[in-house]
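Down below are the structures I want you to see.
Both of the next two complexes hold chain A, though its partner changes from chain B to chain C.
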Partner chain A sequence: MNQVLIAALLQQRARSLPRVALMLSFFSLPLLVLLFARGAGLAVMHTGQAFAIFMGAGLIGQDMSSGTLQLLFARPVSRGEYVLSRWLGAALAASCLTMAQLAIGVGFLALHNEAPAARELAIFAGGQVLSVFGTTSVLLLFSTLLPGTGDFLAIIVAGITGQALQLGAALFKAPWLARAGEEIGRFVAPALDLGALFGGGPISWFEVVSYFSTVTLCLALAIVILNRRELSYATE
Partner chain B sequence: MRYAGPTPRGKRRAGAGGELARPRGRGGLLSGIEIQGLTKTYRGGQVRALDNVSLSVRPGEAFGIIGPNGAGKTTLLGCLLGLLRPDAGRIAVDGRPADDLAVRCVTGYLPERLVLDRWMQGLDFLAYHHALAGLDPARRREEAAAALERVGLTPADGRQAIRRYSRGMLQRLGLAQALLGSPRYLFLDEPISGIDPAGVMLFRRLLSEMRQRGATLVINSHQLDEVERICDRVAFVKGGKVQSIETLEAGAAHARVLRVRWGTSSDPRAVTPERLSVFGAGVGASLEEVKPPEARYRVADDDGAATLIETLLAAGVRVIEATPESGRLERLFVEPGKEGAK
Partner chain C sequence: MPPSEAGAGAPAAPRAARSGPTRATPVLLLALAGALLAARVAFGIYEHARPVERADRVEWREPAAGEAEAREGGRLLLYCFTRDGDPRCREMSREVFADPRSAVLIQRQFVPIRVLDLSREDGRNPPDVARLEREFTVTEFPTLVVATPGRERFEKQAGYSGALGTTQFISGAPARLLLRGPRGHSRAGRDSVAGAADTSAGVTTGR
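For the complex of A and B:
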C-alpha cells in the first residue's frame, strides 16, 4: 500500500464539495432521527454502504477521465499498488465515518436509555465495516470499466435491477428470477451477517466464501483491467 | 497537503540538487535507450502507429523526435514510458524494460497535455510527485519549493490551486515536476508549447543544465529551432517509421538559402545586383534574388555561408543580418520525402 496515494485520495475527496455535502447529510440525518425519535435503534445507522458509495464513486474512473494517470504511472508506482491503495483509502475513510457516526449515535441512544448491548454493538459495527469494504471493492471494479463517476450509476442501476427482479419474481412466482435478483444484490452489496455468524448456530460458509470471493474477485479484476489499459493520448 | 511522511516501500533516490538520480540498471551501468523493431498498432491493427522502429539513444545525449502530426511520435514516447504496450519489439532503458519501476525511478516526464491534479496547490503537487518519485521525505518541502523557484514560479504561485494556473504556468509546473530528483532520463513532449519567450529561455537554460549534468533527453517537438538548439541527433518519424536519424552537424553539408541584409552605410556600388552576383559566384554561392536592402543567396553549406559573409564585408557591404530561410532541421525534415511539407 502506498501512503502517498491514500493521503492524496483523502485530500481529493475532501476538496469535492458535492461529495462532502452528500456525506455530511448522510452523517447527520440518522443522528438527528436518533436524537429526536425514541425506539429507532441501530437500524437507522445502516449507512456503511452509502458512505462507501459517496467516498468511492469515481475511484479510478475520475483519474482516468481527467488524464492524471499518465503522469502518475510515469512514476515508480505499480498499477496494482495504485488500485489497492485507492480501495483501501476509500474503504478506511468510509469505515471511519461509519464508526464516528455510530459512536455519536450510541451516545444519543444512551440519552434515551436505549443503548445497545456491547455484543450487539460490536456485531453491528463489524457488519457495517464489512459492508463498506465489500461495496468499495465492487465500486472499484466498476470504476476501472467506466469513465468519471459512471461506477456510481452502475452500482445504483445494478441494485435497482436486483430489486426489480425480486419484485418480478414475487409477481410472476418465478423462483429463478428471485434467485437472480438475490445474486445481483449480493454482488452489488457484499455483506456478512455477523449476527448469524456469531449467534451460536451453524455457520453459513457459503455466505463467508461468497463475501470474500466477491471482494477478492473485484480487486483482482480491477488490477487486471487497469494493467491492460493503455494510458496515452496517442491512442485517441 | 503535507507529504512529509515516510517514503513508501523504502524507495529513495537522489535529491533535487546537483547529483543525478542513481541508475538502477543491471550492474549499475548506463546503457542509454535501445529500441529494436518496435511496432504498435491501434484499432485491432487497422492503424499502424509505429512500424518496426529501431533506434538507440546514448547516455547523456539529447535526442529529438520530429515529424508531422500523426507520425507516431507521441506513441513512441508512450511506449518509452511504458504507458503503451507495443505489439512487437523491445525497449530497454539502462538495460531494463521501459515499464520497470526501477527505470521510472530515474526518469522524468513532461507530457504535452498537462492534465495535472487541478484540485491541488502548485507546491503540494510538487511535494506529491516528490513523494511518488521516492525522494527523501526529510527534504520534501524544501526541494519542492526549490523546484518551484527553479522554473520561475513564486511561492504565492505555489499556494494557488492548479486550476487557476495559466497555460504557461502549467508548463513550468510540469517541467518542475519532471526535473524533481534530477532524473537521469528526461522525456519531454512538446516542452515549450504555449509558453512565453521568457519561459522559452528558462526552459533552454534548465535543459542545458540537465545536459551538463549528464542527463539523457528525449524531446518530441514541433519547434524545430528549439530541437536544433538542444539536440545532438534527431529522428524524423513519418508514417510510423523512422525516415532518418541525423546528427545536427550533418546539416552543415546541406545547401540552404541565406537571406543577407545590409545597412545604409554600405558602399552603394557594392550592393548592385551585378556586383552582389559576382561576390557570390566567387565563393560558390548563387544569387537568387535582390530586394534592397536584402539579397537571397543559395549556399552549399555552413562554410559557404561564412565565406560569403566575409567576402561581402570585405567588398564594403555592411552586413547587419544573415539568416537562413529555414533551419537545418526544417530542411532535413523536408528532404527525406521530398514533399516539402512541414
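For the complex of A and C:
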C-alpha cells in the first residue's frame, strides 16, 4: 500500500463539491430521522453502500480520463500498488463515514432510550463495513473498464438487470432466471449477513465464500486489466 | 466530476529507490480468487440441493391475539397462510422471513400472523384457520394477505413469486390499501377477490 496515493485520493475526493454534497446529505438525513422519529432503529443507517459509491465512483476511470495515470506511471509505482491503494483508501474513508454516522446515530437512539444492544450494534457495524469493502471492490473492477464515472452507471445497470431478471423469473416461472438475477445482485452488492453468521444457527458457506470470492476476484481482475492496458497521451 | 478534480496531483512516488516490474502479475491474489470461485461454485451446487434452513426472524402471532393487537393499535395485518413441510412455504420462510431486513420491515409495518393449515395432517382445520382461509379464499400455499385492522380491505399474493417479488408485495401493499381508501363497502361483498385483481401474477385485491 502507498500512503501517499491514499492521501492523494482523499484530497481528490474532498475537493469534489458534488461528492461532498451527496455524502453530507446521506450522512445527515438518516441522523435527522433518528433525531426526530421514534422507533426508526438502526435500519435507517444502511448507508454503507451509498458511501462506498460516492467515495469510489470513478476510482480509476477518472484518473484514466484525465491523463493522470500516464504521469503517475512514469514514476516507480507499480500498477498493483496503485489499484490496491485506491481501493483501500476509498473503502477506509467510506467505512469511517459509516462508523461516524453510526456513532452519532446511536447517541440519538440513546436519547430516545432506544439504544441497541452492543452485540446488535457490532453485527450491524461489521455488516456495513463489509458492504463498503465489497461495493468498493466492484466499483474498482468496473472502473478499470470504463472511463470517468462509468463504473457507477455500470453498477446501477447491473443492479437493475438483476432485479428485472428476478421479476421476469416470477412472471415466467423460470427458477434459473431468478438464480441468474440473484447472482448478478450478489455480485454488484456484495454483503454478508453477520447476524446469521454469528447467530448460532446453520451457516450458509455459499454466502460467505461468495462475498470473499467477489472481493478477491474484483481486485485481481482490476490489477490484471490495468497491467494489460496500454496508456498513451491520446487516451480519452 | 470535472477532470481537474481527478488530478491526483500529489507526488505519488516514494523517495526510496525501487526495483522490479511495475506490472507484476498478482499471482497470489489470482490463486486465492480462483480457489474462492471454485469453492463458491461447489457450495452453490451443494446448497442448491440442500438449502440451509435459517431461523425465521419474524415474531408471528396467533390469529386471535394478532387481530386483537392490530385492532388495538390500528395496525395492518399480515397473514401468512402456510403448511408444515411444504417446499414452497419453506423456501419463502428461508428467503424472506429469515432475511433481517425483510423481518424488520414486517415487524415495523404489520402485526404478523401465521396461519398454519392442518387440513392435510388432521383432516380439518381449527375454527380460526378455517374461517380465515374461507374469508380470503385461500386455495394455495403459501399465501400472503395484507389486511386493514378490521379486514375491510385486503391485498393477497397467492403462491411464492421469489424473494424480490414477495418483498415488493409486502412493502407496496400498505400504500395500495391506502390509495384505494375506505369506500364504505360492507364486508359481505368482499370475498369475491377475483373481480378486483391487479396486474401482478398471483396478486389480488379485495374489498
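Note that the second predicted complex is superposed on the first by the 233 of 236 C-alpha atoms of A that agree within 3 Å, B and C clash if a C-alpha of one lies under 4 Å from a C-alpha of the other, contacts with A are read in each partner's own complex, and residues count from 1 in each chain.
Simple rule for what comes next: a contact is a pair of C-beta atoms (placed from the backbone, for glycine too) under 8 Å apart; a residue touches a chain by one contact, two chains touch by 3 or more.
Owing to the predicted nature of the structure, the values given are computational and were not obtained by experimental measurement.
Chemist: Determine, under the contact definition given at the top, whether A:Ile203 touches first (chain B), second (chain C), both, or neither.
Modeler: The answer is second: A:Ile203 touches chain C but not chain B.
Chemist: Which partner chains sit in contact with A:Leu231 here, chain B, chain C, both or neither? Use first/second/both/neither.
Modeler: first
Chemist: Between chain B and chain C, which one contacts more residues of chain A in the superposed model?
Modeler: More residues of chain A are touched by C.
Chemist: Please work out whether A:Ile53 is in contact with chain B alone, chain C alone, both, or neither, and reply first, second, both or neither.
Modeler: neither
Chemist: With the two structures laid over each other on chain A, which partner does A:Gly195 touch: chain B (first), chain C (second), both, or neither?
Modeler: second
Chemist: If you stack the two complexes on chain A, which partner ends up touching A:Met23: first (chain B), second (chain C), both, or neither?
Modeler: A:Met23 sits against neither chain B nor chain C.
Chemist: For A:Gln70, is the partner it touches chain B (first), chain C (second), both, or none of the two (neither)?
Modeler: A:Gln70 sits against chain B, while chain C stays out of touch.
Chemist: Look at A:Val106 in the shared chain and tell me whether it touches chain B only, chain C only, both, or neither; answer first, second, both or neither.
Modeler: Neither partner.
Chemist: Quick one: classify A:Ala178 as touching chain B (first), chain C (second), both or neither.
Modeler: second
Chemist: Output the chain A positions appearing in both contact lists, the one against chain B and the one against chain C.
Modeler: Of chain A, residues 2, 4-5, 7-8, 11-12, 15-16, 66, 68, 72-73, 75-78 contact chain B in one complex and chain C in the other.
Chemist: Report the residues of chain C in contact with chain A in the complex, numbered from low to high.
Modeler: It comes out as residues 1, 3-14, 17-18, 20-26, 29-30, 32-33, 36-37, 39-40, 43-44, 46-47, 52-55, 98-101, 104, 108, 161-165, 201.
Chemist: Which part of chain B faces chain A closely enough to touch in the complex?
Modeler: 1, 3, 5-6, 8-9, 11, 42, 49, 72, 74-75, 77-78, 81-85, 101-102, 104-105, 107, 109, 111-113, 115-120, 128-129, 131-134, 177, 187
Chemist: If we count contacts the way the header does, which residues on chain A are in touch with chain C in the complex?
Modeler: Residue list for chain A touching chain C: 2, 4-5, 7-9, 11-12, 15-16, 18-19, 39, 41, 43, 46, 58, 62-63, 65-66, 68, 72-73, 75-80, 82, 148-149, 163, 166-167, 169-171, 178, 181-182, 193, 195-196, 199, 201-206, 209-210, 212-213, 216-217, 219-221, 223-224, 227.
Chemist: Can you tell me which positions in chain A touch chain B when the two form their complex?
Modeler: 1-5, 7-8, 11-12, 15-16, 66-68, 70-78, 230-235
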